[in-house]
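The next block holds one structure in the form of structure tokens; read it before the comments.
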Amino acid sequence: MIEQRLADLLKRVAAGEVTPDDALRRLGSYPVEALEFAHVDHLRPLLQGFPEVVFCEGKTPEQAVEICASLERSSGMFLATRASAPMREALRTRFPAAQINERARTVFLEPDPAPAPSGGGTILVVTAGTSDQPVAEEAAVVARAMGNRVETLLDVGVAGIHRLLRRSDALQRAAVVIVVAGMDGALASVVGGLVRVPVIAVPTSVGYGASFGGVAALLAMLNSCASGVVVVNIDNGFGAAAAASRINHRREPE
Amino acid sequence: MIEQRLADLLKRVAAGEVTPDDALRRLGSYPVEALEFAHVDHLRPLLQGFPEVVFCEGKTPEQAVEICASLERSSGMFLATRASAPMREALRTRFPAAQINERARTVFLEPDPAPAPSGGGTILVVTAGTSDQPVAEEAAVVARAMGNRVETLLDVGVAGIHRLLRRSDALQRAAVVIVVAGMDGALASVVGGLVRVPVIAVPTSVGYGASFGGVAALLAMLNSCASGVVVVNIDNGFGAAAAASRINHRREPE
Amino acid sequence: MIEQRLADLLKRVAAGEVTPDDALRRLGSYPVEALEFAHVDHLRPLLQGFPEVVFCEGKTPEQAVEICASLERSSGMFLATRASAPMREALRTRFPAAQINERARTVFLEPDPAPAPSGGGTILVVTAGTSDQPVAEEAAVVARAMGNRVETLLDVGVAGIHRLLRRSDALQRAAVVIVVAGMDGALASVVGGLVRVPVIAVPTSVGYGASFGGVAALLAMLNSCASGVVVVNIDNGFGAAAAASRINHRREPE
Amino acid sequence: MIEQRLADLLKRVAAGEVTPDDALRRLGSYPVEALEFAHVDHLRPLLQGFPEVVFCEGKTPEQAVEICASLERSSGMFLATRASAPMREALRTRFPAAQINERARTVFLEPDPAPAPSGGGTILVVTAGTSDQPVAEEAAVVARAMGNRVETLLDVGVAGIHRLLRRSDALQRAAVVIVVAGMDGALASVVGGLVRVPVIAVPTSVGYGASFGGVAALLAMLNSCASGVVVVNIDNGFGAAAAASRINHRREPE
Amino acid sequence: MIEQRLADLLKRVAAGEVTPDDALRRLGSYPVEALEFAHVDHLRPLLQGFPEVVFCEGKTPEQAVEICASLERSSGMFLATRASAPMREALRTRFPAAQINERARTVFLEPDPAPAPSGGGTILVVTAGTSDQPVAEEAAVVARAMGNRVETLLDVGVAGIHRLLRRSDALQRAAVVIVVAGMDGALASVVGGLVRVPVIAVPTSVGYGASFGGVAALLAMLNSCASGVVVVNIDNGFGAAAAASRINHRREPE
Amino acid sequence: MIEQRLADLLKRVAAGEVTPDDALRRLGSYPVEALEFAHVDHLRPLLQGFPEVVFCEGKTPEQAVEICASLERSSGMFLATRASAPMREALRTRFPAAQINERARTVFLEPDPAPAPSGGGTILVVTAGTSDQPVAEEAAVVARAMGNRVETLLDVGVAGIHRLLRRSDALQRAAVVIVVAGMDGALASVVGGLVRVPVIAVPTSVGYGASFGGVAALLAMLNSCASGVVVVNIDNGFGAAAAASRINHRREPE
Amino acid sequence: MIEQRLADLLKRVAAGEVTPDDALRRLGSYPVEALEFAHVDHLRPLLQGFPEVVFCEGKTPEQAVEICASLERSSGMFLATRASAPMREALRTRFPAAQINERARTVFLEPDPAPAPSGGGTILVVTAGTSDQPVAEEAAVVARAMGNRVETLLDVGVAGIHRLLRRSDALQRAAVVIVVAGMDGALASVVGGLVRVPVIAVPTSVGYGASFGGVAALLAMLNSCASGVVVVNIDNGFGAAAAASRINHRREPE
Amino acid sequence: MIEQRLADLLKRVAAGEVTPDDALRRLGSYPVEALEFAHVDHLRPLLQGFPEVVFCEGKTPEQAVEICASLERSSGMFLATRASAPMREALRTRFPAAQINERARTVFLEPDPAPAPSGGGTILVVTAGTSDQPVAEEAAVVARAMGNRVETLLDVGVAGIHRLLRRSDALQRAAVVIVVAGMDGALASVVGGLVRVPVIAVPTSVGYGASFGGVAALLAMLNSCASGVVVVNIDNGFGAAAAASRINHRREPE
């Protein structure tokens, strides 16, 4: 059965006995599980280092549970984002060990035993204001789930620039910085100019009027006058964390 | 003849012999001069403290010259903005004493004798980058023409925040600050948080791609996380200076 | 304890015994209070003449109350805007002396004793129609809280231009005018041409169809044919008042 | 030959010997002339009271001349708009009697003898500024060609509202008002509130930055707070005149 | 008392004993009634031939009732649009004689006795589909209230062009045509080509996806390939009717 | 009675005894049924091969039922899309034999007896993710109702390109492919490059932030780098199926 | 050499000796030719029935010539679109037998001998106005090059609906209709309602002001009230023809 | 002199004798050089590992040369992007050793001796089509200048997915992938799903019509269904390279 074989391979990869590339070669055909409404891609852990993350929006609670169950069977873990309250409840019932973050709307079933962080450095999540916190927490939960150490620095928007400058120690320690900001998105540019490491900017839909649901911040970040700033979609804490994790799990040069 | 009477009244207002309100009462009818293609509003100096400024875009050089001549006859001065090279040449020929700024595309005929600055404090014009300079110069020329002391602080964008912070003396001295910035427009927010005086933000069309000709900076400025920041149209150095001058010529409380 | 020291300094500044700059120098380090989810910036009264205003959108009622309490402890006052009904109720319970304006969605705890207006002149708030009133009231509440005298002139949109013209006395008296208008935003241009003082235009989201939630008014105001008109974000009565207060508290030239 | 028959019918309609409806009945089939690249609709004079107007943009000078010649053969007249300089030259060469307006970019071959104005009242064309003049002239040329009396009132934008109010006589005389304005488009609302007759607003692409080529004025006009204001496309002086002429040639109730 | 005097004058104007211009002269000052939250413009019937229409959106039911009552006192009638269900109920309670149209969301208190239609011809309201009906009914109610004869032609969208062509009799009878259409807005162009009279196009917010709440129809109508088509705001049945009524009450040439 | 005559003709056309063109000729006048609020076009089955489909948005349940009943009387069948829950219930009550798909929000009353598929090949509906399923089901229901064989291939988005490539057999079998995708819409381009048959792309409103309710996918699909991809409106599963059915019912060359 | 082998296979496929699928199987590896700046995909004729078409925009004339030469070597033909004047000249020089259409900006080197049309029916290209002709010609050239019979029907926009209706014979004959229209794009909806076959709508950038370079027509077409209308990008005559050709070369059901 | 001291420090940092942090501490004040029109930030090499890059758009050739000269004096190198032809010529004249890339519009003066690549792995630049090449070359030039090994994979757009798949070796070798694509931007999603390393997507302005100068590709990339994809501004090859270099110069965990 494909799930068992995959689970075994994944364990041996985790134990360092088999390289990912070898594992891929050993799997003759592409391991996809066809549910009625979805194709669960069990190859993802080998191809990308982490199982498929379940984006819950637009799914029914039943669909979300079924996909998570399929992932749990093959990899012993799952991570679900944008889970509505009923979905979180349904997942909690089925998987009592799952860790639920209400503000971030995430559900995470950690492998047992929990692995040590595998990323090289620390991912720092910075927010401009209190209202950016839900997106920041999504980023933090996802980054931790993907095997990274995470720190946070909250409510340091540029209208009071000294709040940021007095914490430059935290900035200097980070291997990657995720900047979460709505409204004018200016924090990304200032941080981008203060550090040497990659900066991932997440515009949030915080604001009103001509913020257009985060478009003002998105445009500002795309036009950042600091080089080395890259951008993800509005409110996309998940995407920022996934990219940061890829950066923090640098593939060694051959 | 209306122009003579207006010119006399304006001189007496300037000399403090007549208040603007008295002058308005003495003019029985509304003094508008009808050219073939324009109505020149000779009342503006009394109503708003400065003659109508000639916005040259969309006019022919001949029209621009004729309107400037009409203003010169009634008030002894004029200020033209957005003057194309042929217009600047035509105005230079007709009014050899006019001051022409090629980068700002302005033509200014100063009254003779030149009056002392009448505004209360100093207007500080700040730019994020070298490319914002033409707009900043338009603002500076207009502000000076309207009777204000002007200082500038150039190329202090937030990607190198220390360039700005080390000049906080200039910021603290100003009575009004005009921030000229394109791209992410972030400078307005940072300056807005550093000063106690009004900040007028001018987005510029500097940038490319998703800057959309200055829209990114405009939106960022409208959504500034610093309070007390107000905004004018893209590249509108003139408008920023006019507003700054109104602020700097505060009407005394009665 | 930093709050006590700040409170003392603020009183001495208010009493004129210490200048703001001296006060800043006496504070060795930057006084920021770190709550779990926010950094409260206790330096704001000295830097900008008024404590941080609490923008409640995107916060929970508990967060809003905690931030207000922190401000009350250090400065004896707070001002909260965009407070939802439950927030207003929570703040009323905790601070029975707070003044609540349901239409403006503001909560203001005045210092005791209430200081006399410190601004130089009168801020006039003008609206185009009845539906613009909530935004106008937010502006009025904020401007008064920041130490300004405020007058209002309501429902004088330009479709009946005589309603405005017959009240030109009020216009002529003002030191700053805030124009609040949705739909075509035309009132800002007409007022801008009638007064000599700064005009701050606030587009409102009043309208339907191609008003696009206030974008039509915003664009019209940014393109005002009257010079000296500056603009803030859609529905941003707070921002208009903050800017007007900065203008009305002109720093004296040195 | 169809053109001859049409020309005869049109003359008899003009002479009042035949009603348009009778004329339509007498034409058995639909009279369309197929050129290689266009179908010239010779029925238009009967259906809509005026021959097809040739919109020249996107056509070659040769195509424009050929279409105009076809119209001239059947109706003894033509009107071409948006004619580029080479087109105007080509038409002038072919039709020396044609009236060319360089600023409006129109070419008009009047019927011989020129008919008296057939519209009931006067169409008044009002502009906000000098730069709106080319569009206003297109409107005036077209309206006159379609048999209307036309008056103009230029450069009366609302930043100097008295320029408009002192000419209320002209406003009160008009049967239809066409308001041509760029930037904030506010003039349409003010005029709409001052008259009882239909107001057709023409936004112009005059302006810069956030005027977005006339979009700001277009939106303001669509959201006019004055009722009875209708709108045509940006810079569409022709369309405004065509609509005004339909209004001014009211069909009598049966 | 101003209301009584106005009411008397209006009756005499209606009776033809006094011309509107004479009536205006007899009123020395401008009759505006200042409620707490609104200025009711009692001069509107003389200036524009119909009392101010109450646009209810953004008002409270109490405000709506108070404004309607003020109008009823001075003119014996009122018309309210966009009245929510609670508003309609409040107005029904206060004015049992008012005519309420639930689909159009209008409340109309007719003068007693009801005047005969004063407009010259018939206004025809045409819709593309069943979903456009609420906007069409608003237009019909308003046009009838303003003294016009109204006919309707429903559900004749261009996807089945024969439904329209077989009713060309109704089109030919009309003095003004109002075309109400969402989605592609194509009906306005087809009608514009079939009639000789003015066509007022009303885009509706009917549609989904890339209709963007009526923007697709609005743009199509502004770009109509038929001349003589003018446009009002999305869903603005009221505005279309007001303009149509101005057209249908043509001022006689002097 | 027209409905009886139409029903007879349709049966004879279905039986191959009469060609559609003959049937059209036998109907002297255009058969439209005028309900109070709608014109039901009974000619549609002959003109376009399928009765008018009832688009329920913006209609009341009563209107939907009445239109469906009219169609059932003349053609023995109907298809309703975008039916809300109450509409579906009302139609179920009136037509117990109707087939209701809750996810697709469709109600279909099949003719009795059900005809065999008349389209030439198979229409394949492909989705990028689970959330695209409701739109895909609407397409599938409509395509089957219009007489086509339909297959589906779900959740094969390009982030795991192998999920698609391993199913190229299904792609190669299809006569037309409908690609349903939100977010980046990239699946349409990849499929367009893999097949030789027409590809109809349906952007869905799945996504968040800068997906702008499906605009991102719509633009990507319009700019597909694969030739032969055509696009319908966002979430318009119905339109895609109608076009696919037209393609699959190719008219034979003459 | 791969090109020779491909050329042989293509000939045998054209001769019916080998099926495309067999030909694909015989080619062991994927035949791509790597130029310095491009990968020429020689498999396209087998996969999609026609060689890669060279889209010239953004390429240098040298690059265009080199890619065309590569295609000519392997398949004996090429088709280039959007070729600038210098490119057309360069291609004419290198390939004197190429057919150049200046208005459509296409260069086509036909195989020798020219094959008979392989598509099943006739593709009809319809335009709304004379200015849409360049796009229509691009569509016609491409469709003919891809083996289809093509007819055209020009300048039949809906403002004169009778021009279209009198040519319904041409509409009824077509197997696919391509509708090319700018401005309001209404022609697509009217044609969609008149035919039973697929309709591909091509918005053109013809128009001005709020046509936004073809966006108005694009949106109108996406929102067509006629079912069965599909849309391609603005001015994309090529894409419409490619899709029409796919439809007209229907794969036979298995 | 500051430049000398900086140059010395930079050399010692490059030689590994001094850490960047030590170097920063040794510089007492912030080293900014004030030109007339710009502030050159000489601290950038220490803060961010590379001297300020000169973005030439909006500058005059003289300004560009002067800034480059200032950088060359302090750091022995410079890199200029978006240099127009006259600028490139002016820089070539002044710095004959500079490396000029005409297609990328870059001018690079390499330090002498040229340092070995300092980045850990290889940056792979992938393009969808030939027209994306200028942006890709800018990225490659910048990445190499910043000390990285660079490979390219050109013209592998997803319409011929096999062109990409057959080169998966190159993808698997890379430490960071930069995907440069216009039109539908789909390549970023496909690549994002094939690799485990960070993917930086650069939308290009290649395309026409509804590509809106690269907006379609930008939105598609922001909405990529592959996780780990981050985005920079349209045509911003420089920004992508700067971010990729930050990633490739990972700071070692402490």
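All chains are identified by letter, namely A, B, C, D, E, F, G and H, in their written order; residue positions are counted from 1 within each chain.
Please note the rule applied: a residue touches a chain if its C-beta (ideal position, glycine included) is under 8 Å from a C-beta of that chain, and two chains touch if they have at least 3 such contacts.
Remember, it's a predicted structure, so these values are computed and weren't measured experimentally.
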| item | value |
| --- | --- |
| Given subunit G and subunit H, the chains that contact each of them | F |
| Least hop count linking subunit B to subunit F through chains in contact | 2 |
| Chains contacting each of subunit E and subunit F, listed by label | G |
| Relative to subunit C, chain with the most remote C-alpha centre | G |
| Chain pair showing more contacts of the two, B-C and A-F | B-C |
| Computed distance of Cα centres, subunit E from subunit B, in Å | 44 |
| Centroid spacing, where centroids are CA-atom means, of subunit A and subunit H in whole angstrom | 26 |
| Length of the line joining the C-alpha centres of subunit A and subunit C, rounded to whole Å | 39 |
| Length of the line joining the C-alpha centres of subunit E and subunit H, rounded to whole Å | 60 |
| For subunit G, residues that touch 2 or more chains besides their own | 129, 160, 193-194, 209-211, 215, 218, 222-223, 227, 233 |
| Complete list of chain pairs which touch one another | A-B, A-C, A-F, A-H, B-C, B-D, B-H, C-D, C-E, D-E, D-G, E-F, E-G, F-G, F-H, G-H |
| Footprint of subunit D on subunit B - complex, ascending | 30, 32, 37-39, 41, 43-44, 57-59, 63, 67, 203, 205, 213-215, 218, 233-236 |
| Interface residues, subunit A side, partner subunit C - complex | 129-131, 133, 154-156, 160, 162-163, 166, 206, 208-211 |
| For the subunit A and subunit H complex, residues of the former touching the latter | 47-49, 53, 120-122, 173, 175, 193-200, 218, 222-223, 227-233, 238-240, 242-243, 245-247, 249-254 |
| Contacting residues of subunit C [partner subunit D, same complex] | 128-129, 157-161, 165, 182-186, 188-190, 192-194, 207, 209-212, 215-217, 219-227 |
